[in-house]
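Before anything else, here's the structure in question.
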Amino acid sequence: MTNSTGIEKLVTHIPGFDLIAEGGLPKGRTTLVSGTAGSAKTVLACQFLAAGLVHADEPGVFVTFEEPPEDIRRNMHSLGWALKDWEAQEKWAFVDASPDPAEELIEAGSYDFGALLARVEHAVRKVGAKRVVMDSIGAIFTKFTDRAMVRRELFRTATVLKQLEVTALLTAERTEEYGEIARFGVEEFVADNVVILRNALEGEKRRRTIEILKFRGTPHQKGEWPFTIVPGEGMVVLPLSAIELSQRSSNIR
Amino acid sequence: MTNSTGIEKLVTHIPGFDLIAEGGLPKGRTTLVSGTAGSAKTVLACQFLAAGLVHADEPGVFVTFEEPPEDIRRNMHSLGWALKDWEAQEKWAFVDASPDPAEELIEAGSYDFGALLARVEHAVRKVGAKRVVMDSIGAIFTKFTDRAMVRRELFRTATVLKQLEVTALLTAERTEEYGEIARFGVEEFVADNVVILRNALEGEKRRRTIEILKFRGTPHQKGEWPFTIVPGEGMVVLPLSAIELSQRSSNIR
Amino acid sequence: MTNSTGIEKLVTHIPGFDLIAEGGLPKGRTTLVSGTAGSAKTVLACQFLAAGLVHADEPGVFVTFEEPPEDIRRNMHSLGWALKDWEAQEKWAFVDASPDPAEELIEAGSYDFGALLARVEHAVRKVGAKRVVMDSIGAIFTKFTDRAMVRRELFRTATVLKQLEVTALLTAERTEEYGEIARFGVEEFVADNVVILRNALEGEKRRRTIEILKFRGTPHQKGEWPFTIVPGEGMVVLPLSAIELSQRSSNIR
Amino acid sequence: MTNSTGIEKLVTHIPGFDLIAEGGLPKGRTTLVSGTAGSAKTVLACQFLAAGLVHADEPGVFVTFEEPPEDIRRNMHSLGWALKDWEAQEKWAFVDASPDPAEELIEAGSYDFGALLARVEHAVRKVGAKRVVMDSIGAIFTKFTDRAMVRRELFRTATVLKQLEVTALLTAERTEEYGEIARFGVEEFVADNVVILRNALEGEKRRRTIEILKFRGTPHQKGEWPFTIVPGEGMVVLPLSAIELSQRSSNIR
Amino acid sequence: MTNSTGIEKLVTHIPGFDLIAEGGLPKGRTTLVSGTAGSAKTVLACQFLAAGLVHADEPGVFVTFEEPPEDIRRNMHSLGWALKDWEAQEKWAFVDASPDPAEELIEAGSYDFGALLARVEHAVRKVGAKRVVMDSIGAIFTKFTDRAMVRRELFRTATVLKQLEVTALLTAERTEEYGEIARFGVEEFVADNVVILRNALEGEKRRRTIEILKFRGTPHQKGEWPFTIVPGEGMVVLPLSAIELSQRSSNIR
Amino acid sequence: MTNSTGIEKLVTHIPGFDLIAEGGLPKGRTTLVSGTAGSAKTVLACQFLAAGLVHADEPGVFVTFEEPPEDIRRNMHSLGWALKDWEAQEKWAFVDASPDPAEELIEAGSYDFGALLARVEHAVRKVGAKRVVMDSIGAIFTKFTDRAMVRRELFRTATVLKQLEVTALLTAERTEEYGEIARFGVEEFVADNVVILRNALEGEKRRRTIEILKFRGTPHQKGEWPFTIVPGEGMVVLPLSAIELSQRSSNIR
């Protein structure tokens, strides 16, 4: 019986991120990205796919649970990513799982994950995706009250994505910058990898940081790293300590 | 397939606000404005419509969920806005969704959002509104216990307003200046844009600040900015840091 | 259509209060006064009526939900107000809504607000009241678990008082000096005006302050102001900062 | 109609207490005494009755809800009070409302207050009591989940005691020295008078203080005052500030 | 009628404890010992019995609710107490109330305290016990949700132990070093005497302290006192302040 | 009757751990290892088994409740442990209790512990295991709401493992570095031994520490000790204080 190999890294090509990730995201596995409202989860998710296309010709699938695809296209426009072109080339596929506002029915709390994962699989095969993002699990889990069910469905989702041999990002919501990692207190244990985006208010100013909390089976830099969002570029992680950053530039608010 | 365009800004003409918003509010989208009691949500909401009429001839609709229109007219009188005139010119329409005190029935928790949105649409078309405010969603959501339903109805409301091609402000209630953004922990994720009004008590004095927490798809200044309410003018945002402000004027309490 | 007028102020004649209120209480409207046990809510309520009689010949109605009228008369005696005289002159009317201790029945949570408001209206007309106080809503709302019902009944009460064209004070209970404004987290949003009485423990000493948190439609001084209760006079608000106060008198505990 | 008189004070003869109470306890009314476990509630309650007998020949009734009378007699022995003698002289009566340990039944939450108050009335008349204590309401209210019922029964108890024209002390339990005043958040509002006993842990040492939080209708000293329990004497309140106390004696732990 | 005597103390012979207890534990009564996991409750309980045998020939009964007797014998071996010998001499009796792991049934929350107390009585009479410990009530109360029932059963237990004329220690669980005294917020009020064992984490080090919070009817030293566990001896209380302790020995971690 | 012997220690051969454990883990007993997500619970669990094989020829069983065995093999590859080889030699056995993602059924909260323990026993006998780990109990207890059931099943598991005469590690989840030890507030009391892994965020950096909170019946070093994870080696505990550590190396983040 041959021994298992270790965990490979997938180069993300997100500026600065591969440095703190010591290579990139764990390949073929799922990473949970948790953050408060406006902490740049959707930007990071899009950039993961965009960078994959621009730098590595790795097609991607974007599964959206609340924001309609047209809104996402418009939002990412000023960061320089022309999603429509990639969709036309069948290198980028949206799976639109956003709610139908006309639907009056409120589901009693059971979301058909099976059907969703089937759609994801179809899209992955269609574009030959190597990267998949799902934004944001908070939108569907809001209906859930049973944390065991949340744990179960997240586990199932991660397993299916593993079988599809894609490297995936799942975004999750949280409400305190230094409190619970996600809503149910279980998401961070199920996920193989956890990244936290923070947007902490300190003395009337906001400070954006990214932290790799956990990468199972492979090393990474620890602690918080500052980042900014640059128009035309997207997220840029600065592999500097906070002290060095404030010396460099005091006009970045 | 042509690519999507980016997010345009609508100039609000609220003094100082367009500066920190780097242009204005995201056009054609909804912004959530959350604040504690007395933090100036209703003043901001009225001023958004008033400034639109005074400076840009953009008609508006004011949907009120608790304060009767006559109370709002009287409240805004000393800020220099003669609402009755604009109503006569059919440039300002109230949608009065305030409770009927004579009604003894307490609804079991289901609010007819469909009917409400139909009334809003009617008023928008009637005055040709470009701006809409809804004040405050806390008043109707108080009945709700199911946060998934809150999320759903907010999503639906934002979608309908998007279809009406108006730029909208929805006010929401919160109880801690530096705690949860709104009541249910979901409102800030559903909304495309989030603004927070604070009225923090520090050493026996109150300090009013406005913060743009999140603008999807477009840049903005971050962190808290001081503002005051000037009789005859309304809200004036001061694009200064707190330190500069305390040097300038120590008698503004 | 003539425009609405602004919000007038009613001079309370409570020493120091009209100064921080920049004129007095908003006339014809309801003000919520919230405070912990012993923070002087009932003293303020009585003084509002007493001052109205002594200085402005404005009759008043005192609605009591728990303290029997005879107890209130005795309590206010040492502050110099002879309530019985005013009652004899039909310038002061009590509406005794205190519980009947002989009654074994515990209501299931539905208080007949309609009947109460009818009694209040009757008393207002009888003495030609211009001022009304209701002390304290915490006593009846203790039965309530549904915050939507609390919001609804408060709204209804404020509307009826508005129709009676009286200026009203409603006292409410809270349990933390710097925490929630009232018990249910909704009272401060329903009320047009909010005043907070504090009795904070600092280094073994108590410090009484009054704060006008919110006056819809009219300006006021912000933040906390010290006050004391002077035998023979009642509440005296000191329009000084805390620093000035501690310099003036270190024996007032 | 003659005017009501003010609130008289009953001299307690508890060393130091009458000074901070500016005369004594409000006469003919009920005072709530709340404190954590071991904060000296029962000592204060006994001393109130004992001092009444020793210094003023005012008989008293001790209602006990948990500690059997024999335990209380033994506990108070080393403080110099020979309760059995006074019981023999019919100047001290116990109302033993402690649970019968042999009883297997657990009441579903309804305590027969009517029967209890009848027993109290009987004992008061029997010894001609001027002072009554009830220790501790926490023991019977532990069964209660409905805070409205707690409020109701406390109100009823205070009303009955008022009719009996006794000055009463009711002890209540709390679990945080600087948190909620009592268990249900309503007791301190129902009571006419509130005293708090603290036993705060600071830097490994305990500091006993007594505070008169509220006396309706009559003045009192505010804030915390240190006290100690002296064998052979009982509670001695020191009308000094904490700073003065630590200078005086650093060996009192 | 002869007067009641005061509260006697039982010398424990636990080094340092009798000093801070000013004589020993209140004789013939129950003391609650509460502490977090690993705070030395079981060590203290065993030592109370062992010291009674070694120094005073006072037999004892150890009631265990979770740890099997064989585990306890092995645990106490390195502290120098040969329990088996004493059991053979019928001076030490175990009442094994630990769960039977083979039993699949989960009791619905009603524990047969009557049966347990009968077994305890039997064991007490068999060895002529003067000392009894019950370790730990948290193990059986975990099933309880109704704090009134907890209070009732604790009261009953203490009453029965009083009738058996033994001096008893009951251990209880807590989860915060400086928070609630025990789990239900009622245990510390029912018990006649309360001792708290702490194991606080401060700057990466643990600090063990013992505090006598309350001894009804008899004096004691107040506040926290350091102690250590010495192999071959057991618990040793150091009647020193924390400052003196850190000067004496900085290698005791 | 011979006396019981004391508690022996099993040398773990984890660098630095046996030093702070003063010999090793209590032999033949269960140790609870609790930590937040990514605090190195699984690494410690694997290393316990791996070190047993490398240094002492003690076979082991790894029971996994969520991570599939293949994932664990890959994760541990870069730490130098070739699990497949040991499995082939029948010195390492996995008990795969991870969920079957194809299973749609969500169990109503009753996990068949009996069946699980039977599988564990079978695996232990098969490889002649001296060491057993179960990772992580949080995964199965997520379904549980009744803390009494959690306590019961943990007790049963520990008893069975004791009968199998293995030294066991059970990993548990927690969400605050300095809050509750595990999820239910009972796990730390049931377990004979408790170890806490921390990964605290301080000034943007993470600090890994291990603490032995409790070892029943045997001594150990107290407080937090720093450790790192070294590729090719695994966990290395540094028996230094935090101050010494920061002096030694400021580039270990």
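Letters A, B, C, D, E and F mark the chains as written, and numbering starts fresh at 1 in each.
Basically, a residue touches a chain if its C-beta (ideal position, glycine included) is under 8 Å from a C-beta of that chain, and two chains touch if they have at least 3 such contacts.
Keep in mind that this is a model prediction, so the values were computed, not measured.
Separation of chain B from chain D in touch steps, taking the shortest path, is 2. The minimum number of touch steps linking chain A to chain E comes to 2. Under half of the residue numbers at the interface between copies chain B and chain C are found on both sides, making the touching surfaces mostly different.
Matching the C-alpha atoms of chain C with those of chain E calls for a turn of 120 degrees, to the nearest 5.
The distance from the centre of chain D to the centre of chain F, each centre being the mean of the chain's C-alpha atoms, comes to 53 Å.
Mean C-alpha position of chain E lies 30 Å from that of chain F. Each chain gets a centre from the mean of its Cα atoms; for chain A and chain D, those two points are 61 Å apart.
Along chain F, no residue makes contact with two or more other chains. Chain-to-chain contact here is organised cyclically: the chains close a single ring, every chain touching exactly two others.
Circular chain order, beginning with chain A and continuing to chain B, reads A, B, C, D, E, F (contacts as defined at the top). Of all residues in chain F, those touching chain E in their complex are 1-7, 114, 147-149, 151-152, 155-156, 159-160, 178, 180-181, 185-186, 188-192, 194, 209, 211, 213-214, 216-219, 221-224, 241-242. In the complex of the two chains, the chain F residues touching chain A come out as 36-38, 42, 66-67, 70-71, 73-78, 82-85, 87-88, 99, 101, 104, 106, 109, 136, 138-139, 142-143, 173, 175, 183, 199, 201, 204-206, 229, 231, 253.
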